[in-house]
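Before I ask anything, let me first share the structure, which is written out below as structure tokens.
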Amino acid sequence: MSTPNPLTWARDHAPVLADLTDEFREERPFEGLTVAICSHLEASTGVFVETIHAGGAECLVAPSEPKSTHADVIDHLDSREGIRTFAEPDMSDRAFERAQSDLLAERPDLIADDACELIARAHASHPDAVEEAIGGVEQTTAGVRRLEAIDADAGLGFPAYGVNDTPMKRCFDNVHGTGESSLVNVAQITNTALSGKTVVVGGYGHCGRGIARKARGLGARTVVTEVDPRKALEAHMDGHLALSMAEAAEIGDLFVPSTGSRDVIRRAHFERMRDGAQLANAGHFDVEIAVDDLEAMAERTTEPIAGVTRYHLPDGRRLDLLTEGRLVNLTGPNSKGHPIEVMDTTFAMMAVALRELAVGERPEPGVHAVPDRLDREVADRKLAAVGGSRDDLTAKQEAYLSDWALDGEAF
Amino acid sequence: MSTPNPLTWARDHAPVLADLTDEFREERPFEGLTVAICSHLEASTGVFVETIHAGGAECLVAPSEPKSTHADVIDHLDSREGIRTFAEPDMSDRAFERAQSDLLAERPDLIADDACELIARAHASHPDAVEEAIGGVEQTTAGVRRLEAIDADAGLGFPAYGVNDTPMKRCFDNVHGTGESSLVNVAQITNTALSGKTVVVGGYGHCGRGIARKARGLGARTVVTEVDPRKALEAHMDGHLALSMAEAAEIGDLFVPSTGSRDVIRRAHFERMRDGAQLANAGHFDVEIAVDDLEAMAERTTEPIAGVTRYHLPDGRRLDLLTEGRLVNLTGPNSKGHPIEVMDTTFAMMAVALRELAVGERPEPGVHAVPDRLDREVADRKLAAVGGSRDDLTAKQEAYLSDWALDGEAF
Amino acid sequence: MSTPNPLTWARDHAPVLADLTDEFREERPFEGLTVAICSHLEASTGVFVETIHAGGAECLVAPSEPKSTHADVIDHLDSREGIRTFAEPDMSDRAFERAQSDLLAERPDLIADDACELIARAHASHPDAVEEAIGGVEQTTAGVRRLEAIDADAGLGFPAYGVNDTPMKRCFDNVHGTGESSLVNVAQITNTALSGKTVVVGGYGHCGRGIARKARGLGARTVVTEVDPRKALEAHMDGHLALSMAEAAEIGDLFVPSTGSRDVIRRAHFERMRDGAQLANAGHFDVEIAVDDLEAMAERTTEPIAGVTRYHLPDGRRLDLLTEGRLVNLTGPNSKGHPIEVMDTTFAMMAVALRELAVGERPEPGVHAVPDRLDREVADRKLAAVGGSRDDLTAKQEAYLSDWALDGEAF
Amino acid sequence: MSTPNPLTWARDHAPVLADLTDEFREERPFEGLTVAICSHLEASTGVFVETIHAGGAECLVAPSEPKSTHADVIDHLDSREGIRTFAEPDMSDRAFERAQSDLLAERPDLIADDACELIARAHASHPDAVEEAIGGVEQTTAGVRRLEAIDADAGLGFPAYGVNDTPMKRCFDNVHGTGESSLVNVAQITNTALSGKTVVVGGYGHCGRGIARKARGLGARTVVTEVDPRKALEAHMDGHLALSMAEAAEIGDLFVPSTGSRDVIRRAHFERMRDGAQLANAGHFDVEIAVDDLEAMAERTTEPIAGVTRYHLPDGRRLDLLTEGRLVNLTGPNSKGHPIEVMDTTFAMMAVALRELAVGERPEPGVHAVPDRLDREVADRKLAAVGGSRDDLTAKQEAYLSDWALDGEAF
């Protein structure tokens, strides 16, 4: 039995990227361009890098998280001409920042970003990189918000597509990618059942509703906390219990925030939790759960099982924090990140958005919505890949939908 | 045992309207104004009418569907001073149109519309009514599209709020109202089980996904047809089978279109269906299922059970059309329309939008989105009414969410 | 459009009875026998009667509930030679009892019973009917329990098959029939949504788990009360909240007992309920909800909507009892009972059990389990009818499953 | 941060074993007895061993699977006086068999078995061990069947309780333990999504329905294959597609058999599968998927990702077998077996059954059902541990349930 390259499995489950790779190899949209790619460096990112590379680009690759890099993936990428990585497995924060700076010193033409890491850093301290770049694309909710903040503040130096805000990204990556892989990783790390648990989901955005719906589908009782009353009510009508976090803290067995905000679970909540409550972050960075508060409250910590930090509180209660409050689906002992099929869609959106910036009509500097036709293009490719079908509007239907007088039945 | 008035039950289950009624009685926002209300004339509409009436309005009430009027409701409304109805149970199409014209001859100040019935008719043939009106509000998808078409064509004569497009309307009325009541009425009319059936849902908009999710929750196998590849893929990832209607036609036991379009199920599809297939419209009007095609194809029709027209095809197959292809949740032998709690939310949105037009800052003529604060207001009232809670953003969170440099951690 | 006979629709959705009817017409298993049939007299019972009649029986038909008889069904049955009904729509308790006695005076050979109504009455006061009968079949949980009690007490006078205890009956009729139709009728009667409600299900037997699972599938939050700790835990692991009724009383919006016991919801519980709580019996008879307690506690009653009795308590709270505490899926203003496909299975089990008593090897007097081969026969007929398939064991698999030494891999 | 012993985490999530440990320490039911324990040697088994040890037993511990032993667990157990393990991580089949023989040479008084490994081996080749033993308990479906086969064949030499057949075992371990952990491990090993997949579940027993229901809850489309038409129909009514495996083979993305039989998926099925189909065994041993057929059909194999063997067929199709066809939830690269809370229940049943054999009234040699009161005892302990409640029957209810004349309402 021989061992194929580390991207084989991911490539097999990424049919849209495979499609685009074939096309890009023919059409060479990135000929002569340098493309920076910042992302969690696991196998599906590797397939994305190879897709862009097939389009003629020189690829520069940096991690978006210091701890989530897979060694075999970067070794494989570095072995290919025209791809350079700026990464090592398990980097210090300092090394991580330096790697991004080193990459930016190369002044890439296009930036495929994650959490706006590279673009924010460029605007903060690499003005020459900002000047050189002709465009960027961004895959996360937090990253798009950050892009908008940069643009509102000092002005963005080039056009950037908010890939995160496309239907294809939000509905697949967030709902299904984060939703499923967060729960799978919690189950795998803790070796406890979701069935029968009371799961408190922080936030009912795309990620949160994916988590909540799937946890319920597995047999959990679900509680949703929200700041938006509409989303709280939606959760209520979908069969979840809509509570404040202070109320939820008292009844939850497992807490999974994914709001994009910070301190969603904090001292006031830790104080009310049951002995043995589990805390797993499915949002961004490591700020949704106020780990500082836990550190301040605890007498000591232990590691009862790999991937879990146990905070022993003075009153005897123990709170179990998974993966240090970092993303539970990416940073656990055996985590593999989002399911590959989901990353296929997200990276395909990133790829066509990059292609648009390279060879399409380039918009003004600032944050832009990805043109709807690109979203549809990726959707149609994916739908065909999964064996689904759809209808086309008939001429009569198109006329009907645009005719206010309702098909000639005037009064 | 005494029989209370026909609105008691609806009022008991409409806590937000009850809230607003108390406030309106105090504040009299509609003092001196005439408000036209066009809707299915059942008990929850009656509660809405009384809410507006409590705010000081003279109310003129017309049906939005010729067959869905409840006699006891209009009797009750007519018995109150300041309310006039233009309706009878089971009207002919001609009487229905005349009733709307009669109402418009009164030149109301504000119009609360359904499917743009009154506003379209006013623009088509009652220019004086258009001129007199100071604003309108519209509760359906089709109606808002029609408003936009009027505006794009000849220009809308006054400002109109598209209540349908608010989160509160779409997520509650469409997903849960149409979703649940359509299925309940199919089960009630046919006395057959949804468990074990293959249910084909036409369209995966708000209504369609409500129907599909609930049918699946009851134990049906679900097929979704779509024209948008993103929605088709969403359906696929949600566990439904994404097919073209031609493919779905061959395997479905029950077909429920709710696309807002016409001829979603037509001759080409009828030709492939199984003997005994059931057809129930949950969209709008009676156009989603091409009844004309059925009429043309059938040798004869029978009524095997109340509410079902059976089309006997020459090849021996029988297709069972519910409620003549009209809305199954409104026009069945014992249909009561949307659940009251859902109508509470929709009508509360209509009420605060009318209040905004009456006493707020009135926008330019044209179609306008309902201000988000109104949507939040209704959501907060409803959330309190159902016993739910939510969080408020802390100052630190608000700062975090607006600060691109991410809490001072600059580079 | 002509109106076919009242059984057409039911017959179309009862493929197994249709199958058996064809076979019985050929084989005449009941030639020369009189068969008493006691059941809710609606269309699917009518199809069952015709099935037995096709087998050569003279059929005597009595209702099992005084209020659930459909006039058109008994008119149709009475019009056929060899069928006699002892029923009228809406009978008094006294007329109902007399009808059963009149039927028993005919001393039928076989009795197809519901809730052991006829058989218990025969043993209590019609010794000649007991002596004459060669066997009985019983379709309900309560009825089988009652049969066993008679047998333990004075001894059953003839063999009786407990059809209720077959897999086919319990898993289909109880889980899906009661489960779905109870919820549909609650929704239809109250015109309120199940989505968002807290539904308290009394009992987690076959009926209870059907109700609980389907309510959850529609978007309700579900609470289960049980007396068996295993079933309480199962409910907990399935995502329901396992509480005592006293605890559940405080948080429920809708209460649906189906335990087969009495006073499952009683004064102690009514005292803790919220204003507006809805009570719907899905168990048996009218004893699961202690209506006497409600009567004693209330100052007065009203009927806010057809099918609902509102009990006004002295402290201002109102409790809404559906269909007088009788079976909600059978006795509502527009109730049609169990879905027909489900009754098809139950009545097919009754039919083959009757056939076994008529032409098979008749067992000793007493309560007997239906032979497994009959259950499989009906299951295979139904599976084919719904278009499903199954595997057969291979010879190798059969050997494996019976060989403890595990396929020769000895130690 | 210190590292606690390897059983800490499991003990924290096994409240019933913790309860029993406290009681056993007091009551010493196993004083002077040697208890053999055969099971997958992971942390929760360790807690079970310590529970029995606390009751005064000398414990002898052997693995039930050669590859699933955790080194830290056996190191920990061996460090305690009165516990001896006969295991190493990753044993050869030969070493595995020898370990069991070595254990049996010690002639234990009681045997807690898994898959009847020790008891079958004793009856096959250790007659002295059979003679010495006073009883056994068995936790798996296959094991109980094997016990019955031994008893039917040569006669069982001592009484054995079929713990597997208790409600507590079947409903929790099988439905939730196997159900959830199989899916979690498939997702973790393959890094692909269950949402959107077509999952074919072989068998609709307790395990199969757990897998099917949870896969559906996560957003998969589900197909069930069965040999029993009742179970096939149940699956159909629960919303799964009931097909033969030959039909299912053509549409499945993932195949998960858990029937307890062999060759459930075999050459005839592999020939029809799609390129990239995934095969994961959730039944017993490694016989549900006919790996021999795969070996015979394939040109070569690769390992595209850890835990997956890829069979390259001559026609270009690739079939991906997880964990060599062994139990996917136990033998994957990072598998941890059943969730701990579920093992808590199973092992607690084993513990009270052992206690019954040690200090209760010992039944005749042969296979016996565990007395219902023991099942209830464990259920009540667990229900209290998870914070659930239940009702007790009132005297009036007990009378009602045993009184055929229905509470004195005689005729």
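Assorted remarks:
Order as written gives the chain letters A, B, C and D; numbering starts at 1 within each chain.
One rule holds for everything that comes next: contacts are C-beta pairs under 8 Å (C-beta built on N, C-alpha and C of every residue); 3 or more make two chains touch, one makes a residue touch a chain.
This structure is a prediction, so every number in the text was calculated from the model and none was measured.
Set against one another, A-C and A-D show the most C-beta pairs in contact at A-D. At the subunit B-subunit C interface, residue numbers used by both copies make up over half of all numbers present, so the two copies contact each other through mostly the same positions. Here the CA centre of subunit A is 36 Å from the CA centre of subunit D. Averaged C-alpha coordinates put the centre of subunit A at 51 Å from the centre of subunit C. Multi-chain contact residues of subunit B, defined as those touching 2 or more other chains: 176, 193, 195-196, 216, 219, 236-237, 241, 386. Looking at the complex, you find that subunit C touches subunit B at residues 1-4, 8-10, 12-13, 43, 176-177, 179-181, 184-185, 187-188, 190-196, 214, 216-219, 276, 301-305, 308-309, 318, 333-334, 336-337, 339-342, 386. Across the complex, subunit C meets subunit A through its residues 193, 195-196, 216, 219-221, 236-241. Taken in their complex, subunit D has these residues touching subunit C: 97, 116, 120-121, 124-125, 145-150, 153, 167-168, 171-172, 175-176, 225-230, 232-234, 236-237, 241-245, 247, 260-263, 285, 287, 375-376, 379-380, 382-383, 386, 388-394, 396-397, 400-407, 410-411.
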